Structure formats: structure tokens, C-alpha cells
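Chain naming follows the written order as A, B and C, and within any one chain the residues start at number 1.
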Amino acid sequence: MSQLQYFLALVAGGLATAALAYSFVTPFEQALLLKAFLALGCLSLIRFFVPLGLWVDGALALLGAVAVLTSIGAFVPPLPFFWMAVVVAWLFAWLFVERLSKSLAPRLSDNAGLGLLIPVVFGAALLVIWEVVTRGANVPPVLLPAPSAIGAQLANSAPILWADFVQTFIKSVLPGFAIGCLSGLVVAILVDRSPFLKAGLLPIGNFMSALPIIGIAPIMVMWFGFDWQSKAAVVVAMTFFPMLVNTVAGLNASSSIERDLMRTYAADYWQTLLKLRLPAAGPFIFNALKINSTLALIGAIVAEFFGTPVVGMGFRISTGVGRLAIDLVWAEIAVAAIAGSAFYGVIALIERGVTFWHPSVRGGRA
Amino acid sequence: MRRAGPVIVVLLAIIVVWYAAAIGMNAPWQTTLNTRANLTDVPFTEFALQTWAQDRPVLPAPHQVVGEIWNATVALELTSKRSLAYHGWITLSSTLLGFVLGTALGVVLAVFIVHNEAANRSLMPWIIASQTIPILAIAPMVVVGLGSVGITGTVPRALISMYLSFFPVVVGMVKGLRSPESIQLDLMHTYDASPWQTFWKLRWPAAMPILFASMKVGIAISLVGAVVSELSNAAGGGLGVRLLTGSYNGQTIQIWAALFIAAALAAILVMIVGAAERMVNARMGVRPA
Amino acid sequence: MTSVVSATNLGLTFKTNDGDVVALSDVNLTIEKGEFVSFIGPSGCGKTTFLRTIADLERPTSGSLTINGQAPERARKDRAYGYVFQAPALYPWRTIEKNVALPLEIMGYTSAQQAERVKRTMDLVNLAGFEKKYPWQLSGGMQQRASIARALSFDADLLLMDEPFGALDEIVRDHLNSELLKLWDRTGKTICFVTHSIPEAVYLSTKIVVMSPRPGRVTDVIESDLPGERPLDIRETPEFLAIAARVRDGLRAGHSYEEAL
């Protein structure tokens, strides 16, 4: 065991023992599962005499999570040993992850299977702690609702959330994203032919990429009205410049030998563009698409803060905040998060298919 | 100068197009106004000048925006609620606080991730996944939530900025701290260098160029975070509030002025980081690009 | 009959920020059909520049140069030569056969012609069976063979090779050298070959052009009288060693070490 693992095991076992001792102040039959977990945690100290497998720590962490979740309401207000048990469960999860990643270390590139378990454990631990802290410590829901409350709201308001999703994602984000990316690509190819325009437009494009373009949202609302057209316009403006800058950089990504080769074939401009420069620009174009997928959603939602018909994710978030309907807001955010990750994920999948040859995708050397 | 030439020409072209567009977009309203005033047969030059001088134009002419910026900064007292300098300062302070906190957090987390495999495997996927989530959308809610428990003012807005600027820094720094090649690490190993020495003499200097590149992204997005987080509290002030009130009152010139100030702030902040980058790179012998 | 390559008083000066660099000065050379000509010399002697000038990748600043009696640009547009670079420069998003077919696509061959020529040239460089592989799945030697196949696929009579085996290890290089000789024998092409290996130059060539730097110029042209049939162990014969010694003398005469970088 490494120093860190030794330390984690010692603290987890010791704290479990202390919490178990403390728990004797309550009637025996109360929160039995929690006490059983603490007893087992205390028992785990035998690892210093008999080696325990890492799965024992995993099982203990799981048991601890279940135990604390089921006994949130057992004591009101929660006794200190309850919080100690939360910490113990978390320490076991950490110890498990630490030992698992050490055992995987030789296979660094192993991202499937067991490697995937580690972030899942982390995410689950985060959710459990969120749930336990918000409910156990009675955090005002205005500040942070429990995940279970958000989940319930997600199920209850499905029709509203769906309508908002259609308004914001299908009507604003997708057309705006398509127009913005396509025009960025076309302008990049046009600009690329003229060194003068390239020298003039590129610094401005780079500069624009760093600006808070989202600020044009109120102007777009005035120009294009309250409905989705103004949001799509904001999305177009936000996605155009990253695509322009990345594509221009990508068109210059082919090496001089590769371009000389096309020259020895007396290939014309379009042949060189289609057979060499555009494929070589692929990774850059996909990079822009990925950046833009996030920007597009942000742009559409924030633009809705400046005026919408009474539907849309941004509208729901801003009015929900005003009416203190925070779990609806969080449900909306969960939808946005899922939509955002899925959008990104789809583009990343297409990228893997199209630029399979690039070292960053095939995981090899250049 | 040779490099500035094309940029200036393109900028001039944009201004010309802008003035032309202002005529076109403001023309319908100007025609209505002129008809009401029974003005007929207005010569084109006069009509153009009229479209560039409306109170609430659809598209204000550049000189109107510049005039508004001048009126709202130099011509007003700094403490005035209508001063753009005052609102700009509110935005700038939360931007900077958030940026400093975010960068510090990002660097610390990156160091942790590079040195601990478990942290790498549990944190990195979530950090990358969270990049795809429209974090900015929750900014107003965080401000309101924190406000309800008594945390108000610069801090909640700075937290949004911190949250946004922390991502590019942590991702960039992890990449940077891992950038030394294995032979360079092996070399440190042959010297029996401690992890501490390896960090300060190899990993940290190797990560510098990427740190600055990430900080440029971070400070820009930090400003965006500050502006958006202001949208939830119209009384709090800031450039975002100017955008919002301008939008409610149809004060287009005010919106454009606030937008320009925000753009200028972003440009200046990015340039400052860029200047710091050049200084550090020069001292560390990085070849200028 | 016109020479394949004919250079008269050829000069090329690069303008750089640090002043003018004379890459080629007063080069006179003719290359006849079917010759295998090696260009040898230290770095900066202009051997690659000369090859690039033939290929119309650089423009001479003085003198004249003709390829098959025509200007280099005309020759390039007529697809008069195939060029093999120092690196394979295969496009990673194309399979080997699609890479070999690249020039054929650009030159407008029908797909039937493409398939036929790809197969023939792949056989010629012994790459049959690797058609569907991607470049990054092949070894360096195989990649370079594929790039030779690509240069051969459209049947230009002139093959320009710029240190094609420079990045390969010696065992692979020996192997590819003997393959190249066989290929030259079978196809009867004219080959211009840049190298900085004396044994490679002597082993391959019918004519060795020795060049020297600052400014880049031709110091010696050696006609080799080695037989056409050359097994690898010809490199231990006295005739071979005599030519190699003459090349070495030529290099030494043209090269002043104190100004070498």
C-alpha cells in the first residue's frame, strides 16, 4: 500500500470506530443499517494484519452510500455520528478509486470497462453527498435542491421541458448552428484565396472570438423579434468566428511537402483543396464544431433572458429564478446539460468516423 | 505597419458598410417621421444625415455610439449611476476576482490531477464533460441562490467568472504539465530528482506557454460570465445591466455603447495577458512565434 | 534526340531577411534518357534545390533549364516526371491504394485505368496485399515504397528522388536500393537521385554529380563504368572502391570544413 492508501485506510477505519462508539447513545434498533456499516468499517482495520482486496473497499463504499441515504431522516437534526458515517463512506470510495487506479496504472490508455468505473464512482459519490447534505442539513431549496427533488420535477414537468427544448434547441440552436458554421466555413475558404483578406480578416476574427458576442442578444431581439429567429441570429454570430478562424488555420495545416506533391501533379486549386487541404483541415473544422456546439446552446439560452415568447429554456430559467421555483430551474438545467453533452457527443462521434486517421483519434504517434 | 495595413482597410470597410446599413435599416422609421412632419422631397444627403441622428435608431451610426461612450464616461461623474465607467468597473472587478480565483483553482487542480492517478481518472472525464454543459445559463440562478443566503455583491458574480475561467486553465495546465517528453523525465530520473524538483525544473516551465494560452481564453470567458451574471439583478449595476435596461427601454445607442465598452475591456484584458505571456516567454527562452 | 534534362549556366539566388543566399551557381549538366544520375554533396550544396528546380518547385534566377526540350513549367503541366520526397508524404486519410491513385485521380484517369495502374505499380514495388492498409499501419520502408509507387503510377519517364531513403535504417535502405535498381532496369526510366551517402550513390548510378556548397555548384561529374547487373557485394570490388574514392576526393576538394556549420 502507498502512503496515501495507508493513511486513507487508517482514517476511515478509525473514524468508523469513533462513529460506532458515538452511535451507542441512540436506541439500538434505530438506523441499524448505518450502524452495521460502521461496524464493518471498524472491522476493516484488520487489513493491517490480513490484506483486504480492493473490492472490499468498493463494497463498503456502496454499503455506506445506501446506509446514509436510507437513514437521512432517522435523526432530526442529524447527530454528529451521521456526518462521520458520510465521511467514512466517502473515504472508502476514495480508497477504492485510489487502489483501482493504481492497479490499472500500467494500462494508462485503458478507458473502457474498469477505467470507466472510476469516474462513475466519483459522479455517484458526488450525487450521494449532494443528496445527503441538502436533505440532511436542510439546505434551503432556493440555494440548492436535492437531486431527488430535481429528478421528481424532471418527471413531473416533462411536457413543459419538452416544449422548452423544442423552442430553444430545435428551433434556435440547430438552424443557428448550421448557418453559422456553414457560413464560417465558406467565408474561410473564400478568404483563404486572398492573402490580403486573410491578413485583414484573421486578426479581426481572432479578436471577435475573444469578445463577449453574447452581448448582441438584446440587439438581435430588437431586430428579429421575440421568437426563435433572434436567438438563431445570436447563435449564428457566436459560431461564425470560431469556425472562420479554425478553418483558415486548418487550410494551412497541410505540410509543404504535401503541397509540393500536388504541385508536381500540376493539380489545380480545387483539386488541391478537395483532395488535400480540406481533409487536412478536418480536425480543425471538427474542433470548431465542438466549441460551437457548447457556444450555440449558451447563446440561445442567454439570448432568451432578453425577451421570449412564454416558452424556451432560457425563459423558464429566468422566470423560474424570479418565482423561486428552483427545482424547475434545475430540471431545466439538467435538460440543457443532457442536450449539450449529447450534441457534443454526436459531433465527437462523427469526428471519430471522419478523422479516424488523425493521431489524436487513433491514439498513435504523428 | 505592413501587417496593420490590411486590418485597417478591412476595418474601414466595416465602418463604411455600417454607415450604409444604418441608412437602410433606419430609413423606414425616418420616412414615417418625415411624413408626419409633412417633409417631402428630402434630398438623399440630408436623409442620410437624419438616419444617422435618430434618438432610438434600429442601428445607431458608429459616431453616435462613440458619442454615447464619451458622454457616459468622460462627461459624467464616475459615481453617477449612468456612467459607463462606473458600470464597467463593477463588471471588471468581478471579472478580475473571478479570473484570479479560477486560474488559481485551475492550476492547483491540474497539479493534483497530474500527480495523482485516481484524481486524474475520476476528475478529468467530468471536467471535460462539464465543458459541454451550458454552465453560463445557470449564472443568474447562482446569483439569486447565493443572494438568498446573504451573499451579494461582487462575490457571487465573481464565482460565475471563476467557474467559467477555471475550465480552460485546468485542461490546458494538465496538458502542459504532461508535455515534457519521456526522455526529459527520464533525464530527471537519472539525476534522482525529487518530484518537487522535477515539477519546478521541468513540468512547470514546460507548461508555461499553455498556461498563458489558457489564461487568454479564461479571462475572455470570465468577462462574459460577469456580464451574464449581472442580468439577474438589475439593481446591482454592471455592463450586463446596461444591456438589459437598454433592451427594455429600446435605448439602442446605450446597448451598443455598453457592448463596445465590454468589447474594449475584453480586448484590453486579453492584451494584458498576452503582454505578460511575451515577457515570461522571453525570459524563458521560448522562440517568439 | 533532346536530352531529358539540360541545364546551362543555371543559377538560383534566394532572397532572405539575412541577405541573398546563392543556392545554385553556374550549373551546367545534361542528363540523357535512361541514365541513373546521383547528386551528392554536403548539406547546403544545392542538390535538393537543383532537383526542385527541375520539378518547377523553384524558379531559376539565371541561365536556362529545359526538361525534354521544354520549360520546367510546361514539363510539370505535361506531368513529365514523378517526384519522391524525403518523407513519404502519404495522406493519412487515404488507404495505400487510394494514395497511389491520387495522381491518377487528379490527372483524370478513368476508374478502370486507375485500378489497373494501381495494381501494376503496387506489384512493381512489392506492396501487393497492402492495398487496404492506411499509411500509419505500415513501416517506414513500406511507406516510402508506396510513395515510389505513387510516383510511378502515371508512367512519367523521369523520376526525381530527393533522399528517399535518408530516414530509413541501413538494412532497409540496402534492400530498397537493390529493388530500385531492378525497377530502373525493368522500366528504363531516367532517374535523378539526391543522396549524401557515397556507397549509395556509387552503387546506384551511371553518373555521379558531385556538388559543393557556398555557393552551390557542380565540382565533378563521374561516369561510372560498373556493370548494369549489380549485386550488393559489388561494393567490395576494387572498381567500386575506386569510384567511391574519386567521389570522396571530389567532396573533399569542394568542401572547406572551417566554414561548415
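Heads up, the rule we're going with is that a residue touches a chain if its C-beta (ideal position, glycine included) is under 8 Å from a C-beta of that chain, and two chains touch if they have at least 3 such contacts.
Since we're looking at a predicted model, the values are computed, not measured.
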Chain grouping by contact, computed as though chain A were missing: B | C
Most distant chain from chain B, judged by the mean position of its C-alpha atoms: C
Interface with the most contact pairs, given as the two chains involved: A-B
Mean-CA-position distance for chain C and chain A (Å): 53
Where chain A and chain B are represented by their mean Cα positions, the distance between them in whole Å: 22
Interface hub residues of chain B, defined as touching at least two other chains: none
Touching residues (chain side chain A, partner chain B) in the complex: 4, 94, 97-98, 100-102, 104-105, 115, 118-119, 121-123, 140, 142-144, 196-197, 199-201, 203-204, 207, 210-212, 214-219, 221-223, 293-294, 297-298, 301-302, 305-307, 313-314, 317-318, 320-321, 324, 326, 329, 333, 336-337, 340-341, 343-345
Complex contacts: residues of chain B adjacent to chain A: 3, 5-7, 9-11, 58, 116-118, 120-126, 129, 131-138, 140-141, 144-146, 148-149, 216-217, 220, 223-224, 227-228, 231-232, 239, 243-244, 246-247, 250, 252, 255-256, 258-259, 262-263, 266-267, 270
Residues on chain A engaged by chain C in the complex (per definition of touch): 255, 257-258, 260-267, 271, 275-276, 279-280, 282, 355-359, 362, 364
Complex contacts: residues of chain C adjacent to chain A: 52, 55-57, 76-77, 79, 81-83, 85-87, 89, 91-93, 102-103, 105-107, 134, 136
